[in-house]
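In order of appearance the chains are A, B, C and D, and numbering begins at 1 in each one.
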Amino acid sequence: MLITMNDSATEKEIKRVTKLIEEMGGNVHHISDGQEVSMGITGNESTLQAAEISQMPGVKNVNNIGKPYKLGSREMKAKNTIVKVGNVEIGGKALVMIAGSCAVETVEGTNEGGRLLKMLGANLLRGGAFKPRTSPYSFQGLGKRGLEILADARELIGMPVVSEAMDTDNFDLVEEYVDLIQIGARNMQNYSLLKRAGKSSKPILLKRGISATINEFLLAAEYIMAGGNYNVILCERGIRTFNDYTRYTLDISSVPELKLLSHLPVLVDPSHASGRRDMIIPLSKAAIAAGADGIMVEVHPFPDKALSDGYQSITFEHFTELMKELRTIAKAVGRSL
Amino acid sequence: MLITMNDSATEKEIKRVTKLIEEMGGNVHHISDGQEVSMGITGNESTLQAAEISQMPGVKNVNNIGKPYKLGSREMKAKNTIVKVGNVEIGGKALVMIAGSCAVETVEGTNEGGRLLKMLGANLLRGGAFKPRTSPYSFQGLGKRGLEILADARELIGMPVVSEAMDTDNFDLVEEYVDLIQIGARNMQNYSLLKRAGKSSKPILLKRGISATINEFLLAAEYIMAGGNYNVILCERGIRTFNDYTRYTLDISSVPELKLLSHLPVLVDPSHASGRRDMIIPLSKAAIAAGADGIMVEVHPFPDKALSDGYQSITFEHFTELMKELRTIAKAVGRSL
Amino acid sequence: MLITMNDSATEKEIKRVTKLIEEMGGNVHHISDGQEVSMGITGNESTLQAAEISQMPGVKNVNNIGKPYKLGSREMKAKNTIVKVGNVEIGGKALVMIAGSCAVETVEGTNEGGRLLKMLGANLLRGGAFKPRTSPYSFQGLGKRGLEILADARELIGMPVVSEAMDTDNFDLVEEYVDLIQIGARNMQNYSLLKRAGKSSKPILLKRGISATINEFLLAAEYIMAGGNYNVILCERGIRTFNDYTRYTLDISSVPELKLLSHLPVLVDPSHASGRRDMIIPLSKAAIAAGADGIMVEVHPFPDKALSDGYQSITFEHFTELMKELRTIAKAVGRSL
Amino acid sequence: MLITMNDSATEKEIKRVTKLIEEMGGNVHHISDGQEVSMGITGNESTLQAAEISQMPGVKNVNNIGKPYKLGSREMKAKNTIVKVGNVEIGGKALVMIAGSCAVETVEGTNEGGRLLKMLGANLLRGGAFKPRTSPYSFQGLGKRGLEILADARELIGMPVVSEAMDTDNFDLVEEYVDLIQIGARNMQNYSLLKRAGKSSKPILLKRGISATINEFLLAAEYIMAGGNYNVILCERGIRTFNDYTRYTLDISSVPELKLLSHLPVLVDPSHASGRRDMIIPLSKAAIAAGADGIMVEVHPFPDKALSDGYQSITFEHFTELMKELRTIAKAVGRSL
């Protein structure tokens, strides 16, 4: 439910409406376009009485939101949401590049790589400390040590960092060290983790599950927002289909669809979507042309020696070329990079 | 790696081999057919030196296991594993029926339903206390109260109970109250949860993710076994395909395939696979004919009033009919029910 | 539209109704349960005026058929259709086994194989003369010579034969030589071929396309029936999914679903569905348990030397075992074999 | 097999090599980059003796082609193929726009629509005369009359036309009237039709089947090329996945992949891929950014009154906007429009 207040509504009127909503068992979310005072209401819809609310002083109108996701929907908020991560804005006119190795490996590699990536135009540094691996016998990441390396790199380089939280246990740690917390594709419907993310003060990068529908994806984001954390960034990273020439199938249509249905920023990860470095440039260009707000890409100085996902990582030279090509596309679609 | 000892190997020799393995950084798992003394070794394969191990006194032979999953593979153990849940054996000649409502709702409903199901031939009572729901605004289960109701029903009826643990936080609670702990499809690659399950003394019912390959499914089971919990039951519950007439697509071939590759018991859940009650009987019959060790099915006295998944629940009358038809099939495939 | 006539309706009344329908631009199909005189009407629904028709003398009632497929639907005909191929009935109480090599190869192989299969319990002999091959450089079948070999085998052995027609050009030839004409999965939506099949006096075995929905499958059958050929047998042969351990994924749920929606017989082809000979027995058992009317299977004396699809063919020994196991399942589901 | 001749090779030497190949049972295809004299050889590889061929006078070298498709592969020909349709070049620097209504409906609509589309920048006019429809009771197209209307429009407007041939029967007719013959997605593995197309002197637009792998798609093109018709244009039009918000899922990665593996031109059809007019512009932009050689789109003056596929057609206003946006992207990727 979306409640819009009159321009002339007083603080007192807003508080009274808030109190009524809470008495009805609803939760009030202040998700504003910056133009009007409006409140998103979530909770059991059967106990929220629109008629009564609409008669309160100061209330301009009360609208039901038809979609199953409420706070993330365009109906709740028409304007694009811009999520701030450190000094970087995601979802605005400027495109965003998140780059780095799949897993944090060494201090030197992270620092030097990060410095170079920043110089080449990357905005955020990525690096996995806790790695979700299909096999229990594969390298599982450096854990806390990885986060420390990443956080040190941020201080040294002056570039916000992003890393994945895999469960409610290590969430606190990741939250402490990084600027943007990633929830991976395998955890997109790990509702306990989503609820924990909803209590965080840090922005969340939510990756689409490999077989999630758009509806399920937006409902996963809704879990986070319903908890009070409205800084959610969506990331398409490929779906599982019968295709056998790429690791997953980049669902390019999801970009305009998510933009249509939601006000949240949308990124694309061509590295995981394709699993092939020779696909990174064309898929990134397609993503920006289709309306994505940025790219998340794996870069490694020596891809073939990477501890995980080397076959899909690109080199710094390749990243330089990617930036060059994306700048041209960005301009063509009225964005900057 | 699988180490088989000579029949005449002494305790001391076994201990010495164990010590060597641990010095090499490996973990020793005693997964035995009951015929020979054998040890499954997991860990970093590059540090485990087969040549050295095979020369230890008492060692008969050392075999590498070619599959990425080790402890769950047929190569590790040729004989079927039988998992005991209370007084019920899963994976033996007798088929197993797990039945009950999707979510635990009331004391009376649970007790009366359970009693009736037991009388009709069910072996385990299922009921969700913590419910993974696509929307944050849907009924999320009764939580601890649901577990209490379920545990009380067990005492009253004398029937083991199964319920889902959704995260590492509520795992302890579920572990305390139930006899068999379910890990749901959405959590099949929640590795933190799998690792926690590996430390449990209770058996685990692991459901296949809706887009998991057979390899990924067996590797998820391997996470649990690598932690030392070898009582894992696999459950096929449908995969996501383009089909639009059932909610998911029951992958019937997975039953013989899992039986071929692994010694673990395999159940089939036709309720979630199809999402349609008129499919339960034919799909259950197909599952047993294909070699499944049992069926997990949703039964509700008034399916249309169920708090979740009512459209796929069957009535007690329908369950009676299901039991009758399955008994005939069971006999035809040399099983009992 | 389904028109049911009174028991006492005269030939003259039936003719008058027929004439009216044709004047309205409709086509009359006599698809009867043997109990009542009824007529299925197809054509542009907007020009068929139910009210006017229902007032004609002799008309008991007029019902619209809600499904997009009409003649193949259960609404049109409640009783199962039994298709006769030579002296074999498909769709009745007795199950049907269609067996033989993927491609017709030699006179001796076909005759000896056919004789043996008949002895072991097969009802129809299959063999491809025109082979649809993914590559233009693969063996394309013996063509007319293959059909002659097959037809000679029929005379010698006394067993009806089935072979595939790949296009409207070779349909005449196939129709001349065989008893049951197969339309393959790749051609399920080759509408010109379906229309040609609708003009044939021979029964048609229609295989489901690898990504066809149930609705599309029944509409493909409808193309044949709308042309006047009501002897259509449906065959599930696996759909394409992300699964990588079988060639396709047997959609076992399609069997009860097709039986529910349509009165046409339903067979299952485990050879193409799985592409693996070790899957044939469990999948065949599952198919019969789920309600299929029979099995279509590839058998070859020396599978590894077969000119096509050898890896999925079973030997005669294996077929003997299959028959034995299926007889037990058949009995359990009230069928004979 | 690819045979490259010396620059100094004489006509006589080429003829001698050709004769030898034919004696060995091979077929010679003159697929040249325009730089060297080279010959693509197809046929049974076991009878083609490379050693003997390489010793013939004038032969520079003989290479085996590792891919299952030969003539369509980059190994056969490194340079992009440009297919000429009337005065339009497909596959060159200039992008190509194929536009028009799904089905040819009226003379006026076709002429006026075509004139307008040409003015707005379209290069080819599309229109279906023979329509493959899922239901036998849907509008099946105007047939020959539709082709006449289309051919008249070409004369009037001076714009090449494209229409679909559905079977070997109506292929002759379509071939007579149009400039570019389409083979639809449902017929991608209709091998009889592909072979007929291989004998045509007109270029072929081959659409990818909704569940075809890239390998199967290129092998379908190979059927046409093996017959001697090298003017094949590939068209990605969406694959079938679990996605439910677009009709099919545009497989954007197929564009760079096809470009990598083959020298044939690649178009994208966003209308069928998405089934939604609000997706046409972003998907077209993505396609061009990913490297496609052009777009095939459905345009209809009154989409809601279209006899087929109206929901996915765009208006002329919408097409004007599409052209404007694509021109900017085209420039950004070094193409013209």
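Just so it is clear, a residue touches a chain if its C-beta (ideal position, glycine included) is under 8 Å from a C-beta of that chain, and two chains touch if they have at least 3 such contacts.
No experiment lies behind these values; they were computed from the predicted model shown.
Peer 1: Going by the touch criterion stated earlier, list every chain that contacts subunit B and also contacts subunit C.
Peer 2: Neighbours common to subunit B and subunit C are A, D.
Peer 1: From the centre of subunit B, which other chain's Cα mean sits the farthest off?
Peer 2: For subunit B, the chain whose C-alpha mean is farthest off is D.
Peer 1: Using the touch rule from the top, work out which pair, C-D or A-D, shares more C-beta pairs.
Peer 2: Of C-D and A-D, it is A-D that has more C-beta pairs in contact.
Peer 1: If I list every residue number at the interface of subunit A and subunit B, are over half of them used by both copies, so same, or under half, so different?
Peer 2: same
Peer 1: I'd like the Å distance between the centres of subunit B and subunit D, where a centre is the mean of that chain's Cα atoms.
Peer 2: 50
Peer 1: Using CA atom averages as chain centres, what separation in Å is found between subunit C and subunit D?
Peer 2: It comes to 34 Å between the two C-alpha centres.
Peer 1: In whole angstrom, how far does the Cα centroid of subunit A sit from the Cα centroid of subunit D?
Peer 2: Computed from C-alpha means, the inter-chain centre distance equals 39 Å.
Peer 1: Any chance you could list the residues of subunit A touching two or more other chains?
Peer 2: 211, 215, 240-242
Peer 1: Which of the residues in subunit D end up touching subunit B in this complex?
Peer 2: Residue positions touching the partner: 240-242.
Peer 1: Considering the complex alone, what residue numbers of subunit C touch subunit B?
Peer 2: Counting only subunit C, the residues touching subunit B are 211, 213-215, 239, 241-246, 249-253, 255-257, 260, 273-274, 278-279, 282-283, 285-291, 328-329, 331-333.
Peer 1: Taking the complex as given, what residues does subunit A use to touch subunit B?
Peer 2: Touch residues, subunit A against subunit B: 42-45, 68-70, 132-137, 166-170, 186-187, 189-195, 210-211, 215-216, 219, 222-223, 226, 240.
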